[in-house]
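What follows is a group of structures, each given as C-alpha cells.
Both complexes shown next keep chain A, but they swap its partner, so chain B is in the first and chain C is in the second.
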Partner chain A sequence: MSTTAVHSLWITAAQPLDKIQAPHIEYAQLAPMIIVFGAAILGVLVEVLVPRRSRHHTQMFLAVVALTAAFAAVLGLAAGGYGTTRAGIAAMGAIAVDGPALFLQGTILLAALVSVFTFAERRLDPSADGRRVDSFAAQAASVPGSDSEKAAVKAGFTTTEVFPLALFAVAGMLVFPAANDLLTLFIALEVFSLPLYLLCALARRKRLMSQEAAVKYFLLGAFSSAFFLFGIALVYGYAGSVAYARIADVVDGTVQTIDPALAATMGNDALLLIGGAMLLMGLLFKVGAVPFHMWTPDVYQGAPTPVTGFMAAATKVAAFGALLRLLYVVLPGLSWDWRPVMWAIAIVTMLGGAIVAITQTDIKRLLAYSSIAHAGFILAGVIAATPEGISSVLFYLLAYSFVTIGAFAVVTLVRDAGGEATHLSKWAGLGRRSPLVAAVFAVFLLAFAGIPLTSGFSGKFAVFRAAAEGGAGTLVVIGVISSAIAAFFYIRVIVLMFFSEPRPEGPTVAVPSPLTMTTIAVGVAVTLVLGVAPQYFLDLAGQASVFVR
Partner chain B sequence: MSFPLLTAAAALPALGAIATAAVPAGRRTAAKWLALLVSLGTLALAAVIAVRFEPGGERYQLTESHAWIADFGVRYELGVDGIAVALIALTAVLIPFIILAGWNDADPAPDAAPGLGGAAPGSGGTPAGAKHYRWRPTQGFFALILSVEAMVILSFEATDVFLFYILFEAMLIPMYFLIGGFGDRAHAGSDEHAAAQRSYAAVKFLLYNLVGGLIMLAAVIGLYVVAGNFSLTEIAAARADGTLEMAATIERLLFLGFFFAFAVKAPLWPLHTWLPNAMGESTAPVAVLITAVVDKVGTFAMLRFCLGLFPEASAWATPVILGLALVSIVYGALLAVGQRDIKRLIAYASISHFGFIVMGIFAMTTQGQSGSTLYMVNHGISTAALMLVAGFLISRRGSRLIADYGGVQKVAPVLAGTFLIGGLATLSLPGLAPFVSEFLVLVGTFTRYPVVGVIATLGIVLAALYTLVLYQRTMTGPVKEEVRTLPDLRLRELVVVTPLIALLIFLGVYPKPLTDIVNPAVEHTMSDVRQKDPRPEVEAAQ
Partner chain C sequence: MNPVNYLYLAALLFTIGASGVLIRRNAIVVFMCIELMLNACNLSLVAFSRMHGNLDGQIIAFFTMVVAAAEVVVGLAIIVSLFRSRHSASVDDASLMKL
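Presenting the complex of A and B:
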C-alpha cells in the first residue's frame, strides 16, 4: 500500500485542470449594449445618492447621454463595416454583430431617445402642491386612494426610477435582436420584459387600471416566457446545443455526430417542431400577433401613455428582430414547415386587428388594435424569406416606430379633468379647437393608413412587394383588403376631429414643453421624409439585410 | 438642360397652396387674390405647354426624368401626349373659375354655421385655459383647391406608374377635406343634419376611392413583380416588341386591379354611388372640382394605363366594360330624370356622360377615343358652366330642391339664360362643344358595335328630358313668392360664366385646335392595343 493510498477511500488525486480561459470579450463591438447597461446601473445609484429634488434632471440627463452615446457607438460600428463586411459573432458566440442587429439597435435607440423625452415631460399634468409632476405615480408602492398615496403626492414625490427601468428595458431590447444563442435570447427577453411590466404599473392617473394592465401583462408574459423556455429545452434536446449556428447545422443535416448523452432525443423531428413552435409562440406574443395578442389592448390602454408609445415601438422592433433571426438563421431549413403557419398567423393578424379596431371607442385601444394589424403587415414581409423581405421589415420597423411614438405623444396632450381624455367621443371637434394638434395627429393616422407620401405607404409598399416577389401574392391581396378596412377607422377619427361639432365640456389641449414637442416634431419629420424620399433609408436597410451565422 | 416646364406647372400651384395657407388669419382677401393669381399663373404655364407641344412630334414630349426611389424601381418621369395636354389645359382653365365662383364660400359665418368654414374660432364653449390657434377656413379652402390642382396636373404628366399611383391616392386627402369641411349651406335639414350628411358624403367618397386605390396598389405591386420597373414607356415598349411576356391570366388580373380603381374614380356603374352624395353635399365649385377635374383622372388613366399596359386584357374585357358603360349611360340619365335636387340631378347626368366617355375609350376606334378625349374636355366645361350657375342660383334662394323654384327667368333673365346654355350644352345641342364629342363617340362606337351605339343614343333622348324639365320647372312658369326678390348675376359671377360659355360655343363651332392635338395621341393609343379602325363597308361595294 502506498502512502498516498491512505486516504484514497475518499480522496483521489485530481487531474490538473486546464487553465480557465478568460472569456474574450469584444468590448468595442458590444459598446452599445454595455453603455446602456452601465447607464442603467448608474441610474440606480443616482436614486440612492442624489438628493430627491435634482434626481429628475440627473436621471434625464443620464438617460439622454447614454442613449445618444450608444447610438453613436452603433453608428461607429456601422461606419466601421461591422454591418456588412466585418460582421461577426462576439462575446464567445452569444451576440451577433451584423447588419440587421445594428440597424435594429439604432432604431431602438432612436425610438427610446424620443420616448425618454415624453417620459420626462412635466408640464402636462397640473402641478401637485406647487411641484411640476410627470405622468408617473408619486409612489408606486402606495395603494391607490390610500393615505400613504395622498402623503406621497403631497410630498411631491416622483418616480424617477422610470429612467433606469427604461434603460434596462432598452438594454434588453438591444441584446434581443442580436442574441446568437437561445439562452442569451431568453435572458434578453426577461431583461426587457420585467422593467416593462413595472413601467406599465406606474401611471399617475387611473392607477387601478394601470396596475391591472401590469398584472395582465406580467401573467401573460410569464406564460409566454414559460412556453419559450420549454421550447428552448426541446430544441436543445433535438440539437444538443443552444447556439444558433449549431442548431441550424443540425436542422440542415450537415452535422450527424450524436452527443451520446442525448442519443435518445437528438434528431427527433417532433422535438424540433414542437420546440420551434413554442419559441415562435414566445416571440409572437411579444410582437402582438393574433392569437397571442390578447394582452395588447388592455396593456396599451392601462399603461402610462409615454410607456405605451415606447413599448409599442421598441418592443415590436426588438421582437421582430429576434423573430427574423430565429427564422432566417436557425430555422431556414424548416421553412417549409413554418411558412404555412406564419401565413395563417399573418392573415388572421391583419384581418383580426383591422376588424376589431372598428368597434373601439378608446383612442389607445384603437391604436393597440392598429398595432396588431401592423404586426400582420410586417409578418407578410417576414414570410417572404428573401433578402428583400429582411430589408423591407427593417424599413417598416423604422417607419412604424416613429409614427407610433408620435401618435401616442399627441394622445398625452389631449386632457380633461381626469387626465388624458382617451375616449374617442371627447376628440370630437378637436380640429376646430386646436387645428395644429389635430393636423399632426391626422398625419400620423394617414401614415398608419398607408396613404402615399407618408412613411406608412413606403413601408407597406416595401413589405408587400417583398411578399409578392416571395410568391405570397394572396397574402398581398388580403393585406390590401385589411388596409382598406383599417383605413375606415383611421378616417373615422379624422372625421371626428375635423367634421364634428366640439363638445361644450370637451377636453383641452395642453401646451407641452419643448421635450414632447421635439418628440412629435421628430415623428412628423421622419414620417414625411420616409414617405417622400425614402431612398437613403431603403439603401441602408438593403445593406443591413444580411445575417451572420 | 431645358426648363422643367411640366414640373413647374405642378410646382407653382403646390407652392401657391403653401403660400395661401400661410396667409395670416385677418387677411382673407389677400389669400383669395393670391390663390387666383397662382391659378392664372398656372394657366399661363399650361398655355406655354400647349404651344410648345408639337402634335406631329414624339409621342411623349417635354419629358423629364430623375432618379427617385431606386429601390422600388421608381423614377420621377414626366411627359405629355396630346391627351394629357388637352386635360392639363382643361384643369388650368377651370381652376381660376372655380376659385372665383367659390370666392365667398369659405368665409367664416358670424352665426357659427356648420362645417370647417362655419364656426368662428372659439365658439362652442371651449373650456377656459385652452390655447387657440386662429382657424383660417378661407385660407384652407383655397390652399386645398390649389393642392388638388397641383396633384391633378402632375398625375396627367406622370409616365411612371408608381408616381401616378401616389398622386392618384394623395389627391383624395385634400378632396376629402374640401367635401367634408366646406359644405353647402343651402341644406334642407338642420345644421346638425347637414353636418352629418356632409361627413357621410366625405367618408363615402374617401372609402370608395381608397378601396379602389388599394386594389390598384396590389396590381401595381404585381406589375412590378412582372415587369421589374414602373416606366410606362419602357413597359409598353417591352410589351410591344415581345421582350416582356405576360401570362394571359396575370395580365387580366392586373388589368382588373387598375380598371377597378379608375372605374370607381370615373365613376362607372355600379361603383358610382359616392358621386351624387359628394356632389350634392359639397359647394358648387367643389362639385365642379370633383366631376370636371378630379374624375377625369380616372378616364384619362383608362386610356393611358389600362390600354397602354394591358392591351390584350383590354380587348378581352371590352364587352363587359361596354355593357357597364351602357348601363351607366341609361341608368344615370333615368335617375337624373327622377331627381328633386338640382345638384344631384347634375351628378347623375355626369354619371351618364362618364358612361359615354368610357364607351368611346373601349370602342377601340380612332373616332371613339378622340371623341372620348374631347368629351372629357367638353364635359368639364359644360358641367362647370351648368353647375356653377346652379350654385349661384342655390346660394340666392338657399335651397337645392327644384320644387322651390319657378319663374326665375322673369326675375333674373341673365342667370336663366346662362343656365339654359349650360343645360343645352349638357344635352349636346349641335353648335355647342359637347355635341362634337358625343357625335364622335357614337359614330366611333357604331362602326364597331352597332347595337351598343344604338342603345347609347337613348342617353341623348333622356338628356334632353332631364335638362329641359329642369329648366322648365325652375326658370319658367309663374314666379314663386320666395323667388321674386332674387338678384341677377353679379359682376364676379358673370366673369365666371361668360368665358365658359364662350369656350363652349367656340369649341362647338371650331374644335380643330383640340382635335389636332388629340388625334395623333389617339393613334398611338390605338397602335398600343393593336387595333385598326373597322373598314367602312361602302368601300367594298365600289
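Presenting the complex of A and C:
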C-alpha cells in the first residue's frame, strides 16, 4: 500500500464523521456470557457493599443463580434452534453461536456450577476460633505463618473474592470456544487465565506450595500467551484480517478481492506456517499436551483442590473448543500440514502422560498426569477431522469434566492433621475405613481408566472410533496401549485402597456438607448415566457438531 | 522506510524476550522479558497494519496494552506475595514440588 493511501486513511479517521454506524449486537444470543460477566461484576460490588459476615452466603447465592440462569439461557438458545438451523455469527462477527459453542458452554456452566459447591464447602477444615472456614486463605496478602495471618484467621476473614474470580474465569471460558476472530480469542484467553492464576495462590493450607504453583502457572501461562499473540500477529500479517472466515478464505486461496499488499503477504507461507504453529502452541499449552505440559503437575498439586478440579475440567473444555474451531474453521486448508504435527503431539501426550503417571506418589500429581494422558486421547478425536471427530470430542469433554470434578472433590475429603492427605501411602486401606468414599473414588478411577459401564468407556470408544474412521488407525492402536498403561496405575490405587491394611496413623475422612455431597453425587450420576445409556448424549453431541462459518 | 524492517526488529525483540525468559532466574526479570515479547507482538501488529492499510492491527495493539497492564497487576501481586513469604524472587528456589 502506498504512503498516500495510508495517509488518506489517517485523514479519514481524523475527520468528523457525519454518522457513525452503531454496531448491531444480538443481546439474546450473547445472554449466557452477559449474565456471567454481569454477575462477576456484581460480585465485586458485593465485596464492597455487603458486610463481611454475610458475604460468603451472598457471593455463593449470586454465583449459583448466575450460572443456573446462564445455563437456562444456553438451553433456551439450543431449544430455539441456534445450535442447528439458526446457527450464526453474532456481535459483528466476534462470536459464533452454533452447536459446538452452545454444547461446550453448557458443559462449562454445569461443571462450574458443581465446582462452586466445592468452593463454598466450609465443614472440612477444622473450625478456626469457632468459625467454619473454607479451603481458601484467610487473607491472601498476609505472609504465611506471620502474625498478620494469625490475626486475619482470628478475625474470621475469608477470601470470598474467589466467587467473582471464578465467575470471571467462567465468562472467559464461555467466550473462548465461541470466539470467531483471533482478537476475541486472545482476550477470552486472558480473561479466563488471569483469575485462574490468582485462584491458584489462595490455598488456606500449604500456602507456600500454593504461591509457588501460582508463580509457575503465571510465568509459563504469560510466556505461552506471548507466543500465542505473536502467532496472531503473523497470521494477521498473512491474511490481512483476524476474522476466521476471511483467514480461511485466504488460506484456501478463494478470496475475492486481492490488493497488492495481500498478494505480497499471501505468497509468504512462512508467515502462515509459523503463525499457525504459534497459535497451536498457545492452545496446546492450555490443554496440557506433552511438549507444553510441564506446568500441569505442579499447578494441580499446589492449587487449592476445589480450584484444581474446576481448572482441570473447565479449562480443558474451553481450550479444546477453541482448538477445534481453529483447526476446523480457520485452518482446514492447512490440514496436510497440521495433521502430522498433531499426530506426533497426540502420541507423545498419550504415552508420556500414562508412563510418567506410574511413578507418581501424590494423588493430585497422579490425577494431573492422568489429565495429560486424557488430553492425548481427546487429541486423537481432534485429528479425525470429520463431523464424528467433533461430536466424539464434545462427548468426551462432557464425560471427562464431571469425572474430574468428582475425583478432586473426593480428594478434599481425605484429611489428616496437615490438611488434605494427598500422599498415596496414606490412602492405603481407605476402603476398610470408609467403604463409601473409597467406592465412589473407585468409580471415578474406573471411568478414568475407561472400563465399560462408565462414561470413560463411552467417551474413549467414541473418540477412537472417530479416529479410526478418519484414517488414524495407528493412533488408535497407540491410544489403546496407553489406556492399558494408564489402567495399571488406576487399578493400583484401587488395590491400595481396598486390599492393603490401613495404617494406624492414617487419615480420616471428613463428613462434608450437602454441597460437596451434591458435587460428588452429580459426578457419580453423570459417570454412570453416560456409561450405561450414552446414546441420547451422543446424539446430542452429533447434532451439535457443525461449526458455523 | 520499508515496513518489513520493523518486522525483523519485532522478531529480534521477541527472540531476546524469549531467551531472557529461559535464561534469567529472577521472577521479576522473567516477567519483564515476557512484557518485551508482548511489545514485540505489538510492533509487528502495527507494522502489518501499515502494510495492509487497515486498522485491525493497531486496534489489537491497544487491546494488547490493556491485557499487558492487567497481567502486570495479577503477576506482580503473585510475585510479591511469593517474595514476601520466601525473601527471594528466584524461580529456581521455588521448588517445593519438584519430583
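By our rule, the second predicted complex is superposed on the first by the 521 of 549 C-alpha atoms of A that agree within 3 Å, B and C clash if a C-alpha of one lies under 4 Å from a C-alpha of the other, contacts with A are read in each partner's own complex, and residues count from 1 in each chain.
Operating definition for what follows: contacts are C-beta pairs under 8 Å (C-beta built on N, C-alpha and C of every residue); 3 or more make two chains touch, one makes a residue touch a chain.
Just so you know, these numbers come straight off a predicted model, no measurement behind them.
Of the two partner chains placed around the shared chain by superposition, chain C is the only one that A:298 touches, whereas chain B remains out of contact. Of the two partner chains, chain C is the only one touched by A:262; chain B is not. Of the two partner chains, chain C is the only one that A:197 touches; chain B does not reach it.
Of the two partner chains, chain B is the only one that A:446 touches; chain C does not reach it. Residue contacts after overlaying the shared chain place A:462 against chain B, while chain C stays out of touching range.
Judged by the touch definition given at the top, the superposed model places A:226 against chain C, while chain B stays out of reach.
Once the two complexes are laid over each other on the shared chain, residue contacts for A:144 go to chain C alone; chain B is not touched. Of the two partner chains placed around the shared chain by superposition, neither chain B nor chain C is touched by A:415. The touching residues of chain C, counted against chain A in their complex, run 7, 10, 14, 17-18, 21, 27, 30-31, 34, 37-38, 40-41, 44-45, 47-48, 50-57, 59-60, 63-64, 67, 70-71, 74-75, 77-79, 81-82, 84-86, 91, 94-97, 99.
Of all residues in chain A, only 1, 5-6, 9, 13, 140-141, 143-145, 183, 186-187, 190, 194, 197-198, 201, 207-209, 211-216, 218-219, 222-223, 226-227, 229-230, 232-234, 236-237, 240-242, 259, 261-262, 264-265, 297-298, 301-302, 359, 365 touch chain C in the complex they form.
Per the touch definition, chain B reaches chain A in the complex via residues 67-72, 114-116, 119, 124-127, 129-133, 135, 165-167, 169-170, 172-173, 176-177, 180-181, 192, 195, 198-199, 202-203, 206-207, 210-211, 214-215, 217-218, 221-222, 224-225.
Chain A makes touch with chain B in their complex at residues 429, 431-436, 446, 449, 451-453, 457-458, 461-462, 464-465, 468-469, 473, 476-477, 480-481, 483-484, 487-488, 491-492, 495, 498-506, 508-509, 511, 533-535, 538-539, 542.
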